[in-house]
Amino acid sequence: MASSQVGIIMGSESDLKVMSEAADVLRELGVEFELTVVSAHRTPDRMAEYAKQASGRGLKVVIAGAGGAAHLPGMVASHTILPVIGVPIKSSNSIDGWDSVLSILQMPSGVPVATVALNGARNAGLLAAQILATSDAALANKLRIYKYHLREKVENSIREIKIAGYENEFDQ
Amino acid sequence: MASSQVGIIMGSESDLKVMSEAADVLRELGVEFELTVVSAHRTPDRMAEYAKQASGRGLKVVIAGAGGAAHLPGMVASHTILPVIGVPIKSSNSIDGWDSVLSILQMPSGVPVATVALNGARNAGLLAAQILATSDAALANKLRIYKYHLREKVENSIREIKIAGYENEFDQ
Amino acid sequence: MASSQVGIIMGSESDLKVMSEAADVLRELGVEFELTVVSAHRTPDRMAEYAKQASGRGLKVVIAGAGGAAHLPGMVASHTILPVIGVPIKSSNSIDGWDSVLSILQMPSGVPVATVALNGARNAGLLAAQILATSDAALANKLRIYKYHLREKVENSIREIKIAGYENEFDQ
Amino acid sequence: MASSQVGIIMGSESDLKVMSEAADVLRELGVEFELTVVSAHRTPDRMAEYAKQASGRGLKVVIAGAGGAAHLPGMVASHTILPVIGVPIKSSNSIDGWDSVLSILQMPSGVPVATVALNGARNAGLLAAQILATSDAALANKLRIYKYHLREKVENSIREIKIAGYENEFDQ
Amino acid sequence: MASSQVGIIMGSESDLKVMSEAADVLRELGVEFELTVVSAHRTPDRMAEYAKQASGRGLKVVIAGAGGAAHLPGMVASHTILPVIGVPIKSSNSIDGWDSVLSILQMPSGVPVATVALNGARNAGLLAAQILATSDAALANKLRIYKYHLREKVENSIREIKIAGYENEFDQ
Amino acid sequence: MASSQVGIIMGSESDLKVMSEAADVLRELGVEFELTVVSAHRTPDRMAEYAKQASGRGLKVVIAGAGGAAHLPGMVASHTILPVIGVPIKSSNSIDGWDSVLSILQMPSGVPVATVALNGARNAGLLAAQILATSDAALANKLRIYKYHLREKVENSIREIKIAGYENEFDQ
Amino acid sequence: MASSQVGIIMGSESDLKVMSEAADVLRELGVEFELTVVSAHRTPDRMAEYAKQASGRGLKVVIAGAGGAAHLPGMVASHTILPVIGVPIKSSNSIDGWDSVLSILQMPSGVPVATVALNGARNAGLLAAQILATSDAALANKLRIYKYHLREKVENSIREIKIAGYENEFDQ
Amino acid sequence: MASSQVGIIMGSESDLKVMSEAADVLRELGVEFELTVVSAHRTPDRMAEYAKQASGRGLKVVIAGAGGAAHLPGMVASHTILPVIGVPIKSSNSIDGWDSVLSILQMPSGVPVATVALNGARNAGLLAAQILATSDAALANKLRIYKYHLREKVENSIREIKIAGYENEFDQ
C-alpha cells in the first residue's frame, strides 16, 4: 500500500456522511489518504498522538471535521506544523452551524487552521490536493483538468436552461 | 501552604485582567486556589498534564478562561472528571465574544463545561465556591452572607436614588 | 426512599423530552434525583418556594431547563446558594435557541448559573454528578468508568469505519 | 402627594442613566410615577412583593428596565395582571444588547411583556402614558400635542437643512 | 353589535393562522374586537386611514402583526396615540424571524410599539386586555382568573409527570 | 426577436427555481429579457465577458442571483456601469441566507449593487422594470396597474376574512 | 433652477452626515437633486405626500436613508413606482446596524427597495446615477470616467506600497 | 532578487496595517514574498491577470485580505489552482466583521479558500509557510522552532504571573 499523504479525521462517526466527500475528491485525483475517527473530547490522548505522529508517518496535510464546540482541528494544529484544514460540520448539536464555524475559524495568533465552508468537506479535499500540488506537477495538472470540468458543468447548465425555454443572446 | 481546592487557568496573560476577579472572590470567601497560564494551543502538553494531574493534586474544581476559538475549558474537561467552569473572554481577537461563548458552551454529550457569562470570572469563582460548599457547611454559610450583602447593595442603591430626588411609595 | 441529591425541574411538561436525558444519566450513575415541573412565569411562588427549600430538603444541585425567555435557572439561583445548572432548550417558541442560551448564560455578577449546551440535558446530569463527586469518591470512580466508555465508543466507530472500507495507517 | 400611576423599576442603579428618560417624559406629561431599584436576582423577594402589591397600591402600569439576562420585566409580569413594559438595556455585561432584548421579548404564552427598543426608556414612558390615556381624555390630548411637537421638530430640521445649502422643491 | 375596543390587523391573509390566537383570547375574555387585513406596503392609504380613524371609532388598542420588513405596527403608531401592540411573524419571507422582530421593536424615540414575542399573538391579545383592564375592574378579575388557570395547567403537568414515573419530594 | 433590456443571470442551475420569478414578472410586464447561467467562481472569464459586453449588447439592467459566498452580483458590477440588481439566494450551502445577503449587500464605495430581499427575485424583476420605466412612460403605466392589482389582492383578503367570520367596523 | 432628478430624503437631521455623501457624488456627476428631511414616523403624511408627488414633480429616483426600525424607504416605495434606493444607517439607536439593514432589505413581494450597504450613501448616489444613465448617454460616459478613476486610485496605492518598501514582481 | 513564493494582496491600501503581519512572519521565517494592492471591485482585470499569472510566475501560495463584501480571495481562487488563503478584515465598512468572514469562508464546492480568523494575517503567513514546508524540510524546521518559541512565551507569562503574586502548585 502506498503511504498516505492526507489524513482525514472527524470527531464522530456521524460526521462521515459529510467528511466522505473529502475522501471522494482525493480518490478522484489519485491522492493517497487515510480516514478515521479521532475525538478531541472523548479521546484526547489519541488526538494528541495522532497529531504528533502525523508528520513523522509521512502525512503532508490533515483534514479535520467537527461540529458544535469543534476543537479537533485547532487542537491537532497545536501539536503539528503540518497544514490543518478544518471542516465545520452542521451537526445535530450545533446552533445552525455558527458554533462549528467560529470554534474552528477563530484560532489565536501562532496556530492557524485553514477553514473551509460549513459542511465543505469536498473543498477541504481539493484544498489538500492544491497544497500537495505546490510540489507535484502531475497533481497540479489534474487540478487544472478538474477546474476545466467545473466550467463544463456550467456549460451543460447553460444548454439545459435553453432547452427549458429561456433565451440568451450572449451565447449566440 | 494550604493545598489549593480550585485551579484557575487562562489561555494568555492578557486574560488576567478579567480572570483575577475569580481569584478575588475566592480570596474573599477564604477558598484556597492556584492561578497560572495554560494555553491549549501553544502548550497543549502542559494543558493535558495540568488536567490529568488536577484531581490527584487535590484540586476539586478547575476554572478556565479563554477567548476566540476558546478550546481550553473543553479540552481540560476532556482529561478530567472534575467540574470545569468555562469563562468566555471578549479578547481582542474575538468577534464581539460570540466565538468565545459558543466554543466553550456547545460541548458534545459526555464532556460538560459549566459555562458562565461573557467575562463572568467573578461568577466563575462564586460557582466554584458553591460547588465546594455542597460538602462544606462553613463555606455554605459564607455564601449565604455573600448573598445577604448583594441585597444590602441594592438597599444602598434604593437610598441613593431617593436622595437623587425620585419618590417611591413602595418602600414607605 | 433515599433522599434526592439532585432536583431536576423544567418550565413546561413539553421540556421533558429533552430533560429526561438528565434523569437517565443520573440513574445510570446511581445518583438519587427528583424531577418535576416548576414554571417561573406561571407558578412564580412555587418556583421561589422550591428554590428556598432546596438546600434544607437535602438537595445538593438543581438542574433547571427552560426555553425562550428562560428565567427559571437564573431565578432559582437568586433564591439559593446551591449550584444551579441551566439547560437552554430549543423550544417551539424559541428563536433558533439564541433566546434560551442568552437568557440563561448572561447572569449578572453575584448570581451564577452553570450553563450547558443547547438541549444539553445529558451533560447537565453529568455535571451534577461531577459536582457531587467532589466529595464522593465512589461516584468519582463511576465517572472515570463513564469516561472510559466514551473512549470505547470511539474505538467501535474506528472499527466500523474500517469495515466501511476506509484505511488508516495510524491504528496499525 | 398624589398617588403614582406608573411604577418605574430597574435592576441596578447603573440603569438610571437610561431609565430616567422614562421619568422625564412622564413628568412632561403630568403623569404621577414612582421610581426605585428592584433586582430580580439580588432581591427576588422584594421583586415579588413589589409586583404583587403593585395593583393594590394603585399603580396602573409597571415599567421595568434590565440588561444581560434581563429577568426583571418577565418576573414582575408573572406576579401581576398590570401591563408591564420592558426596557432592554445595553449594560456593560451585555453582548451588544442581544441578551437584554431576547430575555425580555421572548416571554411564553400567558405572560406578555410589552417590549420597547434597546435603551428605549423614553418610549416606555410614552407607552405607559398611552395606556393610561385609554381612559383619560386629558392625557390623550397631551399625547396629541406631544405628537404635534414631533412634527415641529422635523419642520425645524427641514429649515436647518435648507440653511445648510440643500435645495428642496417639494417644500416650495 | 357592541363597539370594538381592540382592532386586530395584519399585513397579509397568510398571517391569520398566527393572528387568530389574539382573537381567540379576546373572545375568551369577552373583549369586543374587530379583525381585518391592512397592508402597509400594498394599501398604505388604507393603513393611514385605519390608524387615523382608530381612536375616533372607539378603538382603545390596536394589535398589528407583520413579517419580514414589518412596517405595519410602527406606521400605525405614527398615525395614532392609541397603544399599538406589534406581533413579529415568522413568515415565509423572513430570515428566521430576525427581520420581523427588529423592524417592529426598534422604533425611534417618540413613537413606541409594544412588541411581543415572535408569533406571540396570544400574548398580544392578553396585553390588550391588560391595557383595557387598567380601567375595567371586571376585566381585571377575568385576567386574575386566567392567571389562576395558568397555574392549574402547571399542576396538571406535575401530576402527569408523577404518573410517568418521576418522583418529587417537594410536592409531598 | 426584440433585443433584451434585462439580463438575468445566476450562479447555478439550481438557482432557477428562485430566479424564474424575475423572468415571470418581466414577462407579465412585457419587458424583453434574457436568462442564463454565469458562475463567478466556475466561469470567471465568462462572467467578466458577460458583464463587459452587457451595455454594448443593449442590456439596460442586469439581475444576478447567487447564494453562499455570493460574488456574482458584485463582480458583474465591477465590470459594468449598468445598474446591477443582486438577489441573495438561500441555497443549500448557505448559513440561513446570512452569507448570501452580506456578500451581496456590503459592496465597497464606488461599486454599488442594488440588493433585494433574500430569495426576492420577483422584486428584482419589478425593480428592473421600475428602472426602465424612468424613461418608458408605457411601462410606467403598466407598473401603476401592477400596483393597483396589489391593492385588489388585499381587498380580496378582506372579503375572505369576513367570510371566515371576523367582523370589522372600519370597512362598513 | 434645473429640475431635480433625484430626491434624497432621510428620517432625521442626524442622518445628514452619512447622507450628504449621496449628494456629493451626484454633484460630482452633474446630476440635479434635492435633499430634505422626511420622517416616516414623525411626519407620516408628509412622507406619503412626498412619495405620491415624486413622479409628478419630475423625480426619477428617490434615495431614502434611515436607521433602527427603518421604515422610510419601504413606505416611500409603497406610494410610488419610482425606483427607491434604501440606505441603512448605523444610527445611535441601532443594534450594530442589523435592524436598519433588515427593515429596509426584507421588503415583501410587490414593493422592492434597492438596498445598498450599511452607511453606503455614496453608493446610493452612484446607483441613482446608473439608473438615470440607462437613458442618458452623457451621464453614462461620466460614470465610465468615474470607474476609470477608481482604477487610478488603486494604481496610486500600488505605488505608495512600493515606496513603503514592499516589492512586487507582478507590476514589473 | 530571489523569486517570491508567496503573493500577498489586499483590496485596499488601508488593509496594509493588518496585512503587513503576514509579511512580517514570512520575513522572520525567510520566505520570499511580494506584496501589493489588487482590488476585485475596482481593478477586476488586474485581479484576474494577477491570479492567472500567479502559478506561471512561480508563486506557490496567494494570501488575499479583504473586508466587507470581500470577493478578492474567492475570485483569485476561481482563476488559479494555487492554494489561496483568505484573511477577513474588519474594515470600517464592515458589519462587525461578519460580512468579511462569510463572504470569504462560504465558497461553493469546487473553489476552496483557506480562511483564517478575522484580522488573522499573521496566521495567514504562517499557514503559507506550513504549506511550503510540506516540500521544504529546512522551512519545516524553522516552523518547529517557531512553535517552540510560542511555548517559551507562555513560560514567560507563567513567571510573570508568579511575580504578580499568584501561586501555582503545578509548576513546583
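Note that the chains take the letters A, B, C, D, E, F, G and H in the order they are written out, and that residue 1 is the start of every chain.
Everything that follows uses one rule, which is that a residue touches a chain if its C-beta (ideal position, glycine included) is under 8 Å from a C-beta of that chain, and two chains touch if they have at least 3 such contacts.
Treat the numbers as computed from the prediction; the structure is a model and nothing was measured.
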Contact-richer chain pair [F-H vs D-G]: F-H
Recurring contact interface, reference E-G, options A-C, F-H or D-G [over half identical by residue number]: F-H
Where chain B and chain F are represented by their mean Cα positions, the distance between them in whole Å: 51
Inter-chain centre distance, chain B versus chain H - centres from mean C-alpha coordinates, in Å: 34
Rounded Å distance, chain A centre to chain G centre (Cα mean): 41
For chain B, residues contacting two or more additional chains: 12, 42, 68-69, 93, 95-96, 98, 101, 105-111, 113, 117-118, 120, 150
Residues on chain G engaged by chain H in the complex (per definition of touch): 96-98, 101, 117-120, 150-151, 153-154, 157-158, 160-162, 164, 166-171
Chain C-touching residues of chain A, taken from the complex the two chains share: 1, 3-4, 7, 12-13, 16, 23, 34-39, 42-43, 46, 50, 53, 57, 68-69, 93, 95-96
Chain G-touching residues of chain E, taken from the complex the two chains share: 11-12, 40-42, 44-45, 48, 68-71, 74-75, 77-79, 93-95, 98-99, 102-111, 113
Chain E to chain D touching residues, read off their complex: 55, 60-61, 81-83, 85, 101, 105-118, 120, 122-124, 126-127, 130-135, 140, 143-144, 146-147, 150
